[in-house]
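Going by the order they are written in, the chains are A, B, C and D; count residues from 1 in each one.
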Amino acid sequence: MSKVDQLNTGRVGSVKIMGRKILLSEFFVLYLTIFYLLVLFPFIPRVFSPYNIKNVLSNTWPLLVIAIGQTFVLITAGIDLSQTSVMALSSIFGAVIMTSEADPVLLSKSPLWGFMLTENGGLFSGSAAALPVGLLIMAAIGVAIGLINGFSVAKLRMPPFIVTLVTQMFFAAVAIWLSKSENIRHLPESFSRLGRGNIGPIPIALIIAVIIAVSAHLLMSRTLYGRRLYATGINPRAARISGVPTARIIIAAYALSGFCAAVGGILYSARLEQGRPTLGNTLLLDIIGANVIGGISLAGGKGKVLWTVFGVVFFIFLSNTLNLLNLKFFVIDIVKGMVILLAAILDVVRSQLALRYSGGKV
Amino acid sequence: MKKFLIFAIVTALIAPAAFANGGSDNGSGETTIAFCFQDLETEFWVAGHSAITETLAAQGIKVIEKNANEDANRQLEQVKDVIVQGVDGVIIIPQDGESAVTIAKECNSAGVPIGVFNRPPADKSADALVVVANNEAIAEQAVEYIAQEAMKLGRKVTPAIMVGDLGDPNAVGRRKGFYNVIDKYPDLWTGAPIEIPTKWDSNTALANLQSAMQANPDIDFLFTSSDFLYPVIKSVLAPLGKWQKIGDPGHILLAGLDGDKTACGLQKDGYVDATGVQDVFTEAQMLLDAMLAAIEKGEGTPNEWLYDDGFALTQANMGEREMDMWGCKLLAGK
Amino acid sequence: MGTKLKFNNIRKHFFGVTALDGVSFEIEEKHTVGLIGENGAGKSTLMNILGGVLLPDDGDMSLDGEAYLPSNPRDAARMGVAFIHQELNLFTNLSIAENIYINSFPNLNKTPLIDKKKMNDSLKSLLKSLDLNYSPSTTVENLAPGERQLVEIAKALHSDAYLIIFDEPTTSLTARETEKLFTILKQLRSEGRTIIYISHILSEVKHITDNVIVLRDGKVTGSSETGSIEIPEMISRMVGRESDNLFPERSSKPNNSPILEVKGLSQPGIIGEVDFSVHEGEVLGVFGLMGSGRTEMARMLFGVDSYRSGSISIDGNPLPRNSPRSCIERGMAFVTEDRREEGLLMNVAITENIGLVSLPDYCRNLVKWVDAKRMNEEAGIIGDSLKLKASDIRRQPAMSLSGGNQQKVVIGKWLMKKPRLLIMDEPTRGIDVGAKYEVYSIMDRLAAENSGILFISSEIEELIGIADRIVVMSQGELVKVFEKKDFDVTALMAAAFREAVA
Amino acid sequence: MKDRNWQRFILKNTTFILFVLLFLIFGIIAPRFLSFKNLEIILSNSSYIGIIAVGMTFVLLTGGIDLSVGSTMYLSAVSSGTLIAAGWPIAPTIAVSLLIGIAMGYVNALIITRLKIVPFLATLVTMTVGRGIGMFVTKSVQVDFPDSITLMSTVKVFGFIPLQIFIFGLVVLLAMVFLRLTKSGRQLYAVGNDPFAAERAGIRTRPLITSTYVISGFFAALGGFISITQIGRVSAGFGSGDEFDAIAAAVLGGASLMGGVGSVFPGTVLGTVMIQMIQAGLVYTAVDIYLHPIVMSLIIFFAVFLDSVRTDQLKKMERRTIMKIIS
């Protein structure tokens, strides 16, 4: 807020300086979002209605959690395409643990039928332990897939893009195979509450997302791991010689990405009240798009949780407004693409300006 | 450069507004219905889409269209968005039955009537107007006809099925219907059916069908989980000399599901034996009538299940039922 | 003889900092001119302007009497100016011939295809004259750094440039390759080419050039015939003060307790049966030509590369293999020869770079919370003690520093860890005289604190000036150990060439 | 020394050896797999994605990526469908659809080289916008092609080479010659190796990079057209996801996403054909279709793993010998 005040007190003559300040500000993407909304406000006054804001925010939380996970990996100069399959697989496993009944007509062909899944539901059907065990297993699956990715990238030195593309294919297929394409329902009420419930006036999803965002922020900016993460992303060779356990740092980044994807999977599954083998399979470009819009570099070493937050907010508001404008669906794609392009251009202008004023050599 | 940039920014930001369906405020007495569908990738969905939008438009009702691109979550978000806009009713083609329940509940709590088209909610815990076509049953009817035809041949038949995307419940339902009949007549077949994955993608279908025909040259019954694959089937079978009319010794028994224009034409020409039909036009009409009635009465959470059992259009019943297949109507209309 | 090149009042500013402040001088045709100055004096900027990489803010140039202002490297090349950069400009995935012909591939009988045969044939003699015994179709990836440098030179020769700029050409060359280069330079001059030779190794400048131009702070502070200027005067003109001592007086003597003990270190094809030890307070010099295995040995000591057999111990405790981290924990430090790729996080603040190694020491509790304040303060102290020239070491990125100051940052990050044993691989390469002196002082100070230093260098003078003992490596083997009293340039050289000559 | 050479040979050809092994394994389980006809089918079905993957290889060589190829296929196919429906003759229709591919590529290149936006993002944008425009034109309705087009897939060049394989071969040959034997081709490798050094060396990097995206766009349109001749219909999902298949094929063939490394032949061709071969093999051997993607991804993972191992090993083998060789 103080930053905005400072800007507002600037004199008219210093518009140029102010413009530069805004462009270079950490909060630039946020300003851009606000500006965008203000421009559109006359056309869609509903955008600021409490219901819409609530709606937009409820869409934000799961995506935010997943995107933050991706940020860790992007900082190591990697990419994690397997997040969507983490969501799907953890969704199925969580449901298999927690469901209270399963329809044999639908699920009796599942490889899990008979020992993990029966007509009476899953392993912890009806038990009070269902929720904690289910959540634990879901998170564990995310971490496990992340570890596989990380190990392949850091130890086997395989390229991240292809590793995670393959694990994405693999685990997505496993999720579909395990459930024989069926969604698994009858999840405990306590689980669905995570996705749609409130504590007081505050949605539980918000609390989870904020906890994850704040911890991720602290982890990146204040801890040994965070410093080493950036060092690894910027110059892995120099980092290794300086005693940074680069392989472990990278593996941890993928594990965190998997964990965040699993939490995102929990929130989405809870919201949809089902275990879905195809959960999130179209979400990938949103996740990476939000990161890139926020200013996280695909080349590694550059990024902050705050930027991801802004990127996600921008992305969600963009879709929301395009929906509210009732554009034809094919126009939505065109406009969305254009706005992303524009944000990218501004980002380029920004980094050039930043380079010029930081005194870096050209 | 700088001026250009500012200009570009402002233009681009205002551009969406320019595309807007001007004055989208719904405070007036005009009835608005949101139509949220999951994709328009096959003729069936396109026909359903145009049936609904055109019927509504003809009655002077404003339609807001949303495409979820096969993403259940995005659909949920879109429905929330249209509720914010204060629409009078929501019609969805859900991605699957489970997500339909969740979305219907969202509408229930907002007091907006919801109609679910073609894919039924997985249970009845939410109130909704539902038009159901039973993929499994329809597929079963079409394949049953083939089984009867096969028996007449007096020999064993080698069946094959082109399976859709295993993430899509329609594909899974159709595969089940197919297997129900296969399992019913175990002695009719030479062995277990050959499964050909298509992922609902023509190129994949082409490659795998070619491989399957090469690996199993004796395939003489082919069931496609969707009619949209017929051009692919033709381009594979024709060079093998197996794209023959019924009655020709080289004919492969062919059945499909949807009932689109291509299928109708092929059935008329005597290439296709049977087609499972879900009547998209009737379904649309049934749903719209119920929806408009509910809006008229001011009901917020109407709850009614309407059934389209579909049928199989076969070479045997072509005469009487041809015009019940929507694809044939489109074909005739052209 | 006429004037080949003339600079007239060239000025260049970078965001308020003056890099060139009215530089004017002339270069005679067919002369070899040494251009010397400390890092940051403006040599590179001036040469970048000459090579078309940068445009001057003010002033003009003339080449062969005509106005000359290249707007890109292509322009410069067209005008017969070739620039051999310090950082090599080779494409490692292409062959030697392709690198040389990268912009002028010969066509096969008027087709758009490359005439590979012609290309390769035409280069054979050129490569041979440089003693580069490879087929022109060899991929550059497979060449050693020194050999790559020769390819770079071959490229300039091949382009038929009549004004060739050599920027620190000998830093990655072996002594023999350097000798060869000098022969080539003389030959080039006799062919009528003009050469600008930039180097920090003043003896080379003295040896090879006709004239010397000295730059300091963007201004010309000296211009004379090489014969009439001695090295001390060159230095005083570069640094702006008299300088008699190139090396600090050693303030302490080593004692007898060993820190590092290496026994039978071997890796087939790389090094064999290396034994030595470094004692407390000792600077152990390692002399060897490029490719003698010294760098490879250092990397094995520090756990960066693997070795087949042998043992390494620090203060009597054996070191595990392949783990730089446990080496650091046991008090080792390693200033690598490649500070850009292996030393620095270029776009990160100076203090962060200095603090990188010691980070775990500034962490609290389970989550390893970094005490950034304390770390920055101590990094600042280290920076001050190294006399880092930076305006704001907490925000300025490492890449904004000059080479010498960058090297100080690399050293600083190890000093912060208070090492028992510091390995330095060519720590003074490419840095100016003043900074070199400071690096030597740091070594002395560290030795006085009872640490051991393994100082690897290919400059005999600096080893003699600062080391307590010198071991000589040749072809992967430790050839001879020299005690301080036996230090002698010829003897050291002879030892280094032992195998190579035979 | 001799087994060292053997070792080197095996290391240099891991992907090819894996290919042969898999081919034999499928052949043992399903003997029909070993037929010549099957090979022809595999090649024929590889051709459209192979052509696109060749274009992708050009882009990958410069360190870029082209996510828009799927949308380019769709857009150019839609336009040719529309033109044919409007009664245009085939030749100009094909020309226009290829021009659209070129135009898409050029737009990508403009965004990347002029606006300096990273390729991933730039082509992500054109991918979204391109499909949007295609849907805008068709209103998402499928476009059917007449027999005059679909019959082209049965044409045999010289009486025995199916047209699509012929075109694929031609594309591969041209690309190979271009990359190996022309100035621009070699400079492309240089740009991918070190763009800044390339700039300093006086290479005109901008037109080179532009050309790779144009080539990729052109091949995407061409591949799209080949695909149409085989399947006869373009629906709204045409080509979507093909970008990942093309990238996977190129990477499996040894191309690096960091640029500078990769080849069209054997590289990308081998990668493409291998994926197609596995797919066919799974059908031949009647593996449960739920397991198809699982097996496929395991094999790709293994191939990429072998590739990274061999790169390491080769580097080690080519590590410089310092010590004198005792002879």
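In this text, a residue touches a chain if its C-beta (ideal position, glycine included) is under 8 Å from a C-beta of that chain, and two chains touch if they have at least 3 such contacts.
Just so you know, these numbers come straight off a predicted model, no measurement behind them.
Participant: Compare the CA centroid of chain A with every other chain's and tell me the farthest one.
Facilitator: The chain lying farthest from chain A is C.
Participant: Just curious, how far off is chain D from chain B if you go by their C-alpha centres, in Å?
Facilitator: 32
Participant: Distance from the CA centroid of chain C to that of chain D, rounded to the nearest Å?
Facilitator: One centre to the other, that is 43 Å.
Participant: Rounded to the nearest whole Å, what is the centre-to-centre distance of chain B and chain C, using the mean of the C-alpha atoms as each centre?
Facilitator: Computed from C-alpha means, the inter-chain centre distance equals 70 Å.
Participant: Could you check chain B for residues that touch two or more other chains and list them?
Facilitator: Chain B, residues with two or more chain partners: 166.
Participant: Residues touching two or more other chains, restricted to chain D: which are they?
Facilitator: Where chain D meets two or more other chains at a single residue, that happens at 135, 140, 290, 292.
Participant: Would you please write down the residue numbers of chain A that are in contact with two or more other chains?
Facilitator: Residues 176, 180, 328-332, 338, 345 of chain A touch two or more partner chains.
Participant: Using the touch rule from the top of the page, what pairs of chains touch, sorted by label?
Facilitator: Chain-chain contacts present: A-B, A-C, A-D, B-D, C-D.
Participant: What residues on chain B touch chain D, complex-wise?
Facilitator: Within the complex, chain B contacts chain D at residues 39-43, 46, 49, 163, 166, 194-197, 200-208, 210-212, 214-215, 228, 231-232, 234-235, 238-239, 262.
Participant: Can you tell me which positions in chain A touch chain C when the two form their complex?
Facilitator: Contacts found on chain A: 219, 222-228, 230-231, 234-235, 237-245, 301, 356-362.
Participant: What residues of chain D sit close enough to touch chain B in their complex?
Facilitator: Residue positions touching the partner: 30, 32-33, 35, 37-38, 41-42, 44-45, 48-49, 135, 140-142, 144, 150, 153-154, 227, 230-233, 235-238, 241-242, 276, 279-280, 283-284, 286, 288-290, 292.
Participant: What part of chain A is in contact with chain B in the complex they form?
Facilitator: 35-36, 39-40, 42-46, 49, 51-52, 55, 58-59, 176, 180-183, 185, 268, 271-274, 276-278, 280-283, 319-332, 335, 338-339, 342, 345-346, 349
Participant: Which stretch or stretches of chain B touch chain A in the complex?
Facilitator: Chain B reaches chain A through residues 5, 8-10, 12-17, 19-21, 24-25, 64-67, 69-74, 76-78, 80-85, 96-99, 101-102, 122-123, 166-169, 171-172.
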